[in-house]
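Order as written gives the chain letters A, B, C and D; numbering starts at 1 within each chain.
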């Protein structure tokens, strides 16, 4: 079988250079274009790119996607800034008959995607659920986007199962030790030198607890998910969000 | 709605007395018979038991089940010793038209069942998988039955996904620190005062790890699963093994 | 050697009844008096008690101690409510020549005492330190007293080593996910059905983390420390606070 | 104050190049010599090196140390292969009046040193102790040297406190799930893609457990300990083994 012809946009960036390496090393993909800020997008079509991987910037991602859609190139998008509004714009570009797939992936780490899914499944069977996320101290936001998203999924699963509020007799917490409440799920954020990106989702009921923990040490952890996206996109026409459907979850 | 009429066999045992308490306390179940070794099984039919919960002994469980099937009583079985051979015997008793449900449950802890299921799902996405189970020091077997079962499920999931052997460069391990190999999955057993029953399933791939941990502190952790079984058995004609199908997994 | 003659005050309480059991079972201690709210303290002197264990109530503990000091009875105090002011009152009762020991113990769990001590030692070697404490959901205060005390010890050890502030680039935390700040140490409190009392102290520096975790499952965990206090108090004239000095820390 | 003049032997190696970076960056140390296999040791004396850091090979370390002792240069040794015999040879070179310090460090990670020390302190207070070490799958030995050393320290501390054997009712363990026994302490070794170097020491007694965990993600974790050694060696004449004495433990 011919290898998939891949172009990486933002090839010199942190994620981009990892993607260049991963696509180059995999047996079934071939790196045929590296596009940086100063390069014309025409490099993609001239190189016969089948799948473009966008790892650029919120300012440029929509222009890049417009070009891909216009030139019949599938796109895997790891850039942030593609929200609800942007998604419907992309859908309108694709129209109904399109053969093009656009796969927007908020998190390429397969472990993180599984952890979130498992949390959603478990949520309905436990009285209590809380999240502790831990990251390097250079992170500006607390809690992490992944933790907030996980909290919302847990909250919705509990509501669907008609669970009542979680038990919590706290009457005195002058300093806010109980952390953030995201849709009724308490979320705690640790910031610490030596850490990278970690999340622990804790569930408890009478006499037992269940913990789903994900540790991400390295940008390389995103590459198996990125390659999975590159391989599967031809079978996913239209807009897809997240790796979940590709994992059969 | 009328509460479900429940009889507990082995009512004075450790699990049995917990079941008596739990069935008595739940709003939708009613405890109408407590049967111990010296009591006649006729107590079940005389009390109009709809669901019998067997928490007795491998020596008596099959006789108890024969009585239940004969008298049209659903049975939830927490007793060990119901293997492949016993299951097919029960199936032959039930015949094809039976309205009776027999639900054999190796583990009532919902958290443990979920942990095992999550491990099975995750197995195919990671290069490495190992299990560390930790129990109180009065346990005679190592590894635990749950750990061995989890190892086999992981091994089968890896085989189905055509994963190769796990990476392991160990060439010197004179004392056996790498632990047991159950179907190619390394399993480690910790025995320690202060612990009850715990299991950690670890998965690793390039740059990330995923951990599914279950902690069981108390026999009470089995009661939510036991009540779930009592409530669902009417919808499960024939023989069912494990809580998984009841959890929609 | 003669066993130590012990009286338990608050013998019917939760901790008290555990103490009655533990003192009764140990080979080198003898339970000679059980005093409850309605009993006269004279029961202690009449029974020839050498060491009184006070597990009563903040309202009664100072009267009990006055009686013990007056009657030459050593006292081990597990009751809360003995603060700085009370301690100096006790010291004034004892005077300079006293042969009596009063040992006030905020936490009898040896593991908790060690965890706190280890945290104090480690604090000066790491850029970052945070605490995650987890308890059953019936707890009214957040964070736990132990967590607050540990945070203060870490903060003091950092100041003594002239460490600067911990690195933390958080600029956006609208819901308070970063938790409580106790003397500059972030403290997070989890409340969850199924848990008892747990604390994790995390330290991080370039490329490594150190974690000290204590899990307390049961009131029985306080008994080894309580017996240690009973055995050692004869060698500790005057007022002592905490088990640390008895552990040689 | 003048910065300490440092020479690195094995400057091109993995640890060596990290040391070159760390010594160069610290305000109170100055890198004045980088010595590799092909360079003469005279480069050390010619550059006026005060402290040599040996990160070479078991074959060359003793020759390097002989040169340092002869030329009045303090030596910090991270190279393996300096055992009991080598240590007494070095002591004989130094003689009694020497002003030279030789500091042999099996592990520069301060967190690992603390974890080991804490384990030694805790050992006497708990009925049970076990070790789970986890490493990347390219490691040839199981268990790790650190785990074996920690096990021996725990075993000696238990013997000194006259503790009996740990409770363990295991009668059936056909596959060796209970792991290695190093001096009566069970040690378990996990090997997994995505991990680096991790160790968990578990202690348990009635109703409570204490866990000391060390995670090492990166060679950089050795640099704070290496710089500490460089700074303190002038105050440590003669031969010292390990960072413990420098940490005041």
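The criterion applied here is as follows: a residue touches a chain if its C-beta (ideal position, glycine included) is under 8 Å from a C-beta of that chain, and two chains touch if they have at least 3 such contacts.
Only a predicted model underlies this, so the values are computations on that prediction, with no experimental measurement involved.
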Chain pair with the higher count of C-beta pairs in contact (C-D, A-C): A-C
Geometric centre distance via CA averages, subunit D-subunit A, whole Å: 40
Averaged-CA centre spacing for the pair subunit D and subunit C, given as whole angstrom: 35
Length of the line joining the C-alpha centres of subunit A and subunit C, rounded to whole Å: 45
Residues of subunit C touching at least two other chains: 126, 194, 205-209, 215, 217, 221
Chain contact graph, described as a line, ring, star, complete graph or other shape: complete
Residues of subunit B defined as touching subunit A within the complex: 109-112, 114-115, 118, 121-122, 125-126, 203, 205-224, 247, 249
Subunit B-facing residues of subunit C, complex: 194, 196, 215, 217, 221
Of all residues in subunit B, those that touch subunit D in their complex: 126-128, 130, 132-134, 137-143, 147, 166-182, 186-195, 202, 204-209
